[in-house]
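Letters A, B and C mark the chains as written, and numbering starts fresh at 1 in each.
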Amino acid sequence: MKAADPRLRRVIGKAVASWGEQTARTRARFLDFAWGRAALRARKADALARLPGLLEEFERQAAARGTRVHWAQDAAEARAIVLEVARRSGARTAVKSKSMVTEEIGLNAFLEEHGIRPVETDLGEFIVQLRGEPPSHIVTPAMHLTREDIGRTFHERLGVPEGGSPEELTAAARAALRTGFRASDLGITGANFLVAETGMIAITENEGNARLVTALPRVHVALAGIEKVIATLDELALFLPMLAVSGTGQQLTAYNTLIGGPRAADEADGPEECHVVLLDNGRTRLLADADARETLHCIRCGACLNACPVFRAVGGHAYGTTYQGPIGSVITPHLRASEGFGHLPSASTLCGACNEVCPVGIDLQRQLLRGRRSRARAGGLERLLLRLWAFAAGSERRWRAALALARWLPLRPRASRRDLPQVAPESFRTWWRKRERP
Amino acid sequence: MRIGLFVPCFVDALCPRAGIATVRLLERLGHEVRFAAGAVCCGQPAFNAGHWDLARPVAETCIAALDAVEADAIVCPSGSCAAFLRSHLAELLPDDPRAAAVAAKTFELGELLARRLALTDVGARFPARVVWHDACHALRALGLHDEPRRLLAAVRGLELVEAPGGAECCGFGGVFAVTHADVSTAIGEERAAALERTGADVIASSDPTCLMQLAGLLARRGWRGRALHLAEILAET
Amino acid sequence: MTSRDRILARIRAAVATPSPAPAPPPPGALFAPIPETDLLARFEREFAALRGTLHRAAGWEEARRLVAGAARGRVALGPGDEVASATRGLALDAVGDVADADLGITGCDALVAATGSIVLTARSGGGRALSVLPPAHLVIARREQLVPHLADAFSVLRARHAPAWPTLMTVITGPSRTADIEKVLVLGAHGPRELFLILVD
């Protein structure tokens, strides 16, 4: 993993600083964040312990109101389910609100291959879709771009005059997407929470595009990881503010919406069909590891990404994964086991900032350490160096010899951007010995 | 009081002045310092990298020496090593009763002074503009934030300034600085710049590794100040 | 075995190994309690900070005057007594298709003081699109609908609707917004750019 270029780092730095200020301000104002974190940690742990029963209850309640619940073991099954629903709906396009799960399963490319055009409606997702890039952050997908970058893209792809302000660019996106909501037969969303008690999905957003995606098209499909289920509606009073303050520094986002099925007979509008796809795709692997299970508490707020000095230095794309930052580094090696992501937990200084900001109390620092342990390779340069180190540090005598050797060897390692420390002419031990025996 | 002294590997080799200043300070305060020479390294580098089997013998050597020192408390001029001994030793050596005993009486220097000895004014004089850099483990694992600031505020002639934006990692991260040198440098450069912007002559911290990381980067920026360990400032009169 | 069976079997096998259950914290709250006397002031502050526009009406006659003043262009009207009372006798350019409206007027189920939120459903909101598709949204609410916290609003919804829940329930906290471009706050991303509330005593 390499550091991003200074320009990108500046852009990321500004975005993160803004988040930091907002979040700190809101946290300080009314929320007893520490209490909230402890409460959510307990709720999530309980929900996972009761997961089979809660998922079955969710299915029962949702089905009672006309929602069709599907279960997908992996990405391929999930894609096939969505395609089947799309085909039966006759849709040529699908309007989408932001869903990291659909990124995870590669849904957009798959739909396009099968003749259905997915249209991202979340502004950040819309922007990266126009640019043909993946999102660089699970909450703010376009945080790596300046208004000039976005303006250039809108100019090239939408014919919008260059040099637009954020207001003008947002208005251009609104106009471009407006007709799409009504014209599309299929709406695809994620879900921030699955409420078992009432069989509803909960969607947290600011723009209103998810509300439109679930209001206008004739068919609605929502995809969610199995770990998203919570027991009761009332718990949302705790989850929603904690998600908002951690994700964007708001007390609540502009729209927190509960969808409980296709339109009812006494309702003015809404989809005729409502589907929910419950996705495993490696989550049961995480669940089976009792020690790593807490990583399934994640509510995808993105706070750990913003707090992480490594994320800020390399940017989201550098991870090459759907989920970036500390949470991405600890779950990806499990979700995508044997795909070569085992190095991710090592891309951390273990500073612990992630732990401080996580609203559901995941001990991310500990999970990063665990991740390294299970991947410590038997061979490799790192192990060799550490073997030498352990040998030298294993006894005082060997240590003194190692220092003497280091002073004697003409090793003068040079780094291009910093002065490296040199072995001191006299070690502390030597100073002490001289003092004791002058 | 008899105070045991654990001088970790990199302090011994690269930054002995932190250890020397610690001895001078504690002796000036009237304590007897007992250096645990047999304690070379707490084992953190190998532990953090995931190679627990390599860390174990090193940690065992360390706690054997620390446990053998007859002292009322053990001081370490490194927040990350003190934090490691307190948080992870029991996990690494679950069957070793010495681990808990050592953990219970090991303190980082600022902790020892402010919490264990309940001191604020140690009689130091150090006229300079100083910015305190919170080392991550000292801050988050030991909860060390106010204590070093109170100790520095009581130093005669010292002007304490804060870096805006609060605590940020220096980017060192142990083995990370070698395996991810590019990223480590990028993180460090940002922190170094923030500290430089305070106009301080001196950057102080509880952790020599942070100081070396930051000093190395600042040297390239032509910074003329000094990066000093807390002990080096408090030892001055 | 279906995928459902397989997934549930894997989950059951996984959770058969328990992890230590974290102790829930002692009783507490996320938000500080709000004294009854402060509820309205708190709501007004929050709503204003969100860039919502609040008008207070001493009765339905004043409410009608305020609606007449706020209404612009073509108006889509939601159901309910509040909307009816607040628009009776007014010469509004009412449209049937929400997509043609410049302004949507709805009632609501509750107002949340702590966060300045408006809670409505497909029933009180006249469907799913009426409160989000037109570029402006006007809500008619009664003073008694103001509750302190989000949890209280959920209690109101539960008492009113359970078990026959509406298929849409939403908590609206300010106009539509985005900060996806350089973290600059822009109102009116896809939902209404303007949010008006007439609060009738």
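To be clear about the criterion, a contact is a pair of C-beta atoms (placed from the backbone, for glycine too) under 8 Å apart; a residue touches a chain by one contact, two chains touch by 3 or more.
Here the structure is a predicted model, which means the values were calculated and not measured.
**Student:** Need the most distant chain from chain B, centre defined as the mean of C-alpha atoms.
**Tutor:** With centres defined by C-alpha atoms, farthest from chain B sits C.
**Student:** When the mean CA coordinate of each chain is compared with the mean CA coordinate of the whole protein, which chain is closest?
**Tutor:** Per-chain C-alpha centroids ranked by distance to the global centroid put A first.
**Student:** For chain A and chain B, let me know how many angstrom lie between their CA-based centres, rounded off.
**Tutor:** 34
**Student:** Calculate how many whole Å lie between the centre of chain B and the centre of chain C, each centre taken as the average of the chain's C-alpha atoms.
**Tutor:** 52
**Student:** Could you put a whole-Å number on the gap between the CA centroids of chain A and chain C?
**Tutor:** Going by mean C-alpha positions, chain A sits 27 Å from chain C.
**Student:** Applying the document's contact rule, which stretches of chain A touch chain B when the two form their complex?
**Tutor:** Against chain B, chain A makes touches at 1-4, 9, 13, 17, 20, 309-310, 312-314, 346-353, 355-356, 369, 371-376, 382-383, 385-387, 389-390, 393-396, 399, 403, 406, 415, 417-424, 426-429, 431-432.
**Student:** Enumerate the contact residues on chain B facing chain A in the complex.
**Tutor:** The touching residues are 7, 9, 11-17, 19-20, 23, 35, 37-38, 40-41, 43, 45-52, 54-55, 57-58, 61, 136-137, 140-141, 165, 168-169, 171-176, 178-190, 212-213, 215-217, 219-220.
**Student:** Residue numbers of chain A touching chain C in their complex, please.
**Tutor:** So the residues of chain A touching chain C come out as 14-15, 18-19, 30-32, 35-36, 38-39, 41-43, 45-46, 48-52, 55-56, 65, 71-73, 77, 121-124, 127, 140-143, 145-147, 150, 165-167, 169-171, 173-174, 177, 182, 198, 200, 206-209, 211-212, 214-216, 226, 233-234, 236-238, 240-242, 248, 250-264, 266-270, 274, 278, 280, 284, 287-288, 290-291, 293-294, 361.
**Student:** Where on chain C is chain A touching in the complex?
**Tutor:** 2-4, 6-8, 10-15, 17-19, 21-25, 28-32, 46, 98-99, 114-115, 117, 122-123, 126-130, 132-133, 149-151, 154-155, 158, 162, 165-184, 186, 188-192
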